[in-house]
């Protein structure tokens, strides 16, 4: 087993475990922290796939900015408690079962997908994920969507103001 | 491109005018002017007068079909603003921002009418959705509005997640984000040889689009959100936005549906029937006209889905006609509904005596929604059914649709009954004569399209 | 004024009839086509009249007796308010019109027009006193029963049109060989059903006694002399068809005979003067049908004529009595009227003798002709028919005795006002009495003198077709003489017995039992019909109206609506407001979609099986 | 690494996100689970992009296939950030009015 | 040009009527308009040959504004025109609230009816089919009886379902036409497989069966007739039910002859059951309006049956009877209306002895009733005679069973006459008076027509001969 593989399985296990912990933590703050762990694991995967730019962005934007925002909101709302109301057991079970079914059917689809069996993702090498390459692409071919996202941000900004501002 | 740029810019203009101009009642005039500008810009592009040329690297593709859709959407928005502009201002303290958001939504709509890849689809949908989450929640003191906003937001994000997973799987299977896949080989059994992973992606994409156009069983957000949102914005959401969703749906699956083989028609007919069933049947029980209209919009979505089933020229024309007919009628009804003091059916009792003009125009709108001939709604439905029949077979599906159309008459006509046949004094806010004129204009347009649909469609043809 | 117009028009038509008669007698039959009533591809029905020996005979009967009865009515009805008086004559003239249409029509459709027209007039006249609901009921009953017959008639006409494409008598009889035996049997049977209704044969006879609700002259004209004989006319007209359908002939004979006997038994115990006459009419009509059934068409027509005379006379006489008695019709409350009503008495007696069949009164000849023909066909017919004749004699003379002989049993008030009717009423009586006596002399049987049956000669062209087809077995002259003698003897005996036993009749209030009760209640036939037809129909209709329609069909329709609103109420519960539920349904739907994709071909297969059209 | 491993992993994470949406009552946690789903998609896209790169490299040494996948991830992150700002604003607004972020109590609108 | 005018006069005057003020003006206006229409209809009747009109409408869909007026259309247009005049005359005394709207809607209905009888384009036909329905919905719902809203709604939805099914049928055939056209001729020439014919037949027939109505789709009718304002009821039963019959003859039979032939037995059985069933129910009815309604169902059943036997005699009968039934049933409604106006009740059991107080009314009613039971020399006789004839040629047993309805018709009609007009006066009728001048006039015209066409039906036969021949030539 190569290092890559070891790393892959370790990161995967971490991601899945942390993700599960997000669900089962009673305290919202713990959930946030577990989610940060998931994001870190995913960033690790990015690095493993040599997608450095995304790894960094993921850590800064997601794990850094977004999760902090979450944490901040939770703190603001004083939800830092263990006694959060829970859904009843049957509902939870139903949720888990339907999620499981979803996973099952999709995996069975993937397993039967013949063209996927032999392919593999290029790890550690391949430099398309470097900032230089992506940046070039972003400002040439993808400049239109890039500009258009500004509309998105504008509207999100306006929205946050409209919603958040005290009247 | 004109429309995208102008609408984005107009959104910015509106934001600034919110700061610069203190007089709030100016906003709707500015917005109307902006819409007019937008309309002109779009028409210029449609008819080759002037076009801002930007290399989109094939991410966007402008064609007459899409431009024409833009025209309809912009005109509908213009009518909407003219009729309900005052009520938009009344919703909260940030009228300029509301108009800005409406322009941003229009920007999303125009992107959706021209996207040529999954990336632009995704962005367009998000640009369209995010302002809507906000508009839903603008009535901040109203718990229903809050709740609707959160529901809409959570479920919308969830469906975005589903859509992204679909996109990812398609990307995994095909290696591109294009929407015009190579025509797959067909196996001896008549099944296209498609990677299973693409199919999985398509199913998820299909589901998320169904969600956006509120097709059952992914419609659950619709009644709650439409009911909870301020009525003016419901009107906007239920008409232009939804039509744009359909347009994107049609564009997206135009050439991809072949990949799914027989199951495409099965899934689609399942969704159509479920949508018609839930939309129509549940609407029957509703006592609140607003909520009834929410369900009716689901029901109408069921009809619009026929365009996908047909998947031919007729269905393209049909979706345009449907957009026009449905938007006009719904905007008209909502414009009246907003003026009502009581949103329940009983609130409409005797409207024909207190406000005969409104009652009459509302009746025209309702007749159009139920698809009675001589109104635009008839030809809209007609095209849908015809496209399916032209696509061959599926008479049973058409029959089901027709039976549900009869059910729809039941709840639409209950409003007419309340207005005309029941005793009561329907309370309305003050009705200006401009508003009445606007309503008459809408009704006249509906009848015009209903008598001579070629007036509308020939623009598409020449 | 009204009476002059009413009677005058009939007199005029009588005069025309006589002229036509003379014309026909010298020049033979002719057909007058006015215009095409119906003209579609494959079917032309001209509005045409056929004047031949048969129709002209009926013309004379109808207009002649019609005129007398109009005349009689002017006096009988003079108490009516003028507007009702006018109405009466309007109906009566309309009746004569319809009846003439019936006998003059040159095809079955025109005949049917008259056929229904007389039914309508009968309806109107029975219900003439419309304030009385019983009368209205009787009128309705008459019309409905006639309609049952009419349906048969219509179907027969359809059958003819279907097979021959024409209803003209001439064309039909000329092409009769194109019809199969079954066709002919069916057509004749259906026509006979029509005749049953119109001419009050079993089982459709019950309307006629009830029809006595109308004014008495009406009973005389319509329900004795003319309309009820339309059936006989029609069968006589179609004699060729009947001759070719022996099965139907037997049916006609049996039904006629049964009716003759059955009605006679009922007449034995009736106490209403008009009811007795009504059942007597039914019975006599039965004889006529017997005659038709055994092929004695001339005899039947002959009996129609003589019957018209004496039965009209009887009714008018009864009318005179009723008039004198101030609308008392119960013979138990009469008696000894011969003193006060001499003319009525004499004419009535003559009529009774005629109907009883005493030679040389008219009834003897006609009835004898029928019975002889019946004997030739089947002796049983004869014996039963003779039994009926004896009963006839009995009930007629019971009626006569109770009315005119013995002592008066009515109130003093009535006795005080008894007086003979005015001339307008008695003149018709006298004329008819003369006819009743001498009317039979145009049909004297061959055993009396050769070539004396002038009626048979006159009618010979009509029945020529049938005569060719039937072999004639003539009875021995001696046998005929014996039979006549025996029957006359028996009848006279019965008459004597009756007069003797009823002369001292006093009203006794005892509840009759057994056969008498059965007869008094007319064999409970009306009740039977009520039980097996009217009431079940009534209940079925009620069931349809109140249960099946409301809960069944409309219930199903409304049920769909209810189902929609019920499912609406249930479906809306799906909209629970819980995001978790919404999302779960979405997820499960995705799972289902994927599963559908896996199994799409199977599903398509079943879908195609389900909707063959998909 | 075989691409299937990545697919399985991402689907698992995605499903865990879905289960979270289904089972949790706290709006913020639900929202976080949706973010988890998005991240699963991101990882999948990156993996696919490298897979396509790998197959492209077999024919063309200088191939840049797959870069679009990674850019897509970038746009997803952008959108997610925008969504988060709006979403949290909405949640905060709701909290201000009701002092609760429990989605089970969001049933004023139903039927 | 005449066909266009036949539609546009009522259409435009209907719209104009909304602008009028006051009851007398609108009444007079409506009467004038309908008289003008009548004059035109008469001109059409007396003009030779088939009248056509063509104009572009929806070129992209292959639909034209094309009208055709052959014998059957001429006759039905005439019936429509006459009916409206009669109806307006008969109800001239009635004052409706908001009467401009009332008469406006009434005239719009007329336009719709004319359009249905004239259009030679399937889509146009469908348009007019609905145009005839919608004003009626408003008329009944606003001016109707106590339960008007629910009843009218049922009627509306019921017929609407029917017409939607027809729309599907039209689209189905349209998608199979060779030249993608809605023209009548294209529809006639369309070639369909037996299976498709069956579908088309089912779709169309449902629509027409509901409209006519045929058992068991009839339950809307008695309620609707009972609750509608009488003027509308007259139109409904006098003219509107003919839409269904007309449509079967005009569209269904030439379009899918195979399926019509194949399903004839089924339809006939339904019709005959309906005839007997409706007649039986009519016997037990206590409400005059419902009685007439059921009687109408029975008659329509016969007409439908006679269409489906598909022989020339039967069809000729239907032609005559379509006209005559319209005349007769309107006459009956006028009487029913007069009675209801005068006594405030329609219950037969609460009436009686009217003939003493109102002899002229009694005479008129009796004449109408006799026409209703198809007595010879009234107009209905010839029609029924021919129809039964046709039925008999198809199947003699069916004719025999159907014939029972003749007897039952006599029973219920006479029942009604007896209980309403004969007998002694009762509480409600002791102060009865004669009918007014306008009703007299209307009834007089009707009775005259009853007698004239009863004695000489040939004009009607001649008028419709071309239609009938065309149908049988085609096959």
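Brief remarks follow.
Going by the order they are written in, the chains are A, B, C, D and E; count residues from 1 in each one.
The criterion applied here is as follows: a residue touches a chain if its C-beta (ideal position, glycine included) is under 8 Å from a C-beta of that chain, and two chains touch if they have at least 3 such contacts.
Worth saying up front: this structure is predicted, and the values here are computed from it rather than measured.
Note on connectivity: the fewest steps through touching chains from subunit A to subunit B is 1.
Looking at subunit B and subunit D, the chains in contact with each of them are A, C. Look at the CA centroids: the one farthest from the centroid of subunit C belongs to A. Central chain by Cα centroid: E, whose mean Cα position is closest to the mean of all protein Cα atoms.
A count of contacting C-beta pairs for C-D and for A-C identifies C-D as the more extensively joined pair.
With centres taken as mean Cα positions, subunit E sits 66 Å from subunit D. With centres defined as mean CA coordinates, subunit E is found 43 Å away from subunit B. Subunit A and subunit D have centres, each the mean of its CA atoms, that are 5 Å apart. Here the CA centre of subunit C is 36 Å from the CA centre of subunit E. With touch defined as above, residues shared between interfaces to two or more other chains in subunit C number as follows: 572, 575, 577, 579-580, 583-584, 587, 590, 594, 613. Touching two or more other chains at once are residues 119, 123, 126, 130, 133-134, 137, 140, 149, 151, 154, 158, 172, 197, 199-200, 223-224, 285, 395, 410 of subunit B. Shared interface positions of subunit D, i.e. residues touching 2 or more other chains, are given as 3, 7, 14, 17-18, 21-23, 25, 30-31, 48-49, 51, 55, 65-66, 68, 71, 75, 79, 82-83, 86, 90-91, 93, 103-104, 106, 108-111. Counting only pairs that meet the touch rule, the chains in contact are A-B, A-C, A-D, B-C, B-D, B-E, C-D, C-E. On the side of subunit C, the complex with subunit D involves touching residues 572-573, 575-580, 583-584, 587.
Of all the residues in subunit C, the ones that touch subunit A in their complex are 580, 584, 587-588, 590-591, 594-595.
Across the interface of their complex, subunit E is touched by residues 367, 372-374, 382, 385-386, 389-390, 395, 398-399, 402-403, 405-406, 409-410, 413, 417, 420-422, 452-454, 457-458, 461 of subunit B. Subunit D makes touch with subunit C in their complex at residues 18, 21-23, 25, 30, 103-104, 106-111. On the side of subunit C, the complex with subunit E involves touching residues 35-43, 83, 109, 112-113, 115-117, 120, 123, 127, 130-133, 136-137, 139-140, 143-144, 147-148, 150-151, 154-155, 158-159, 161-162, 537-538, 540-542, 544-546, 549, 553-554, 556-558, 561, 612-613.
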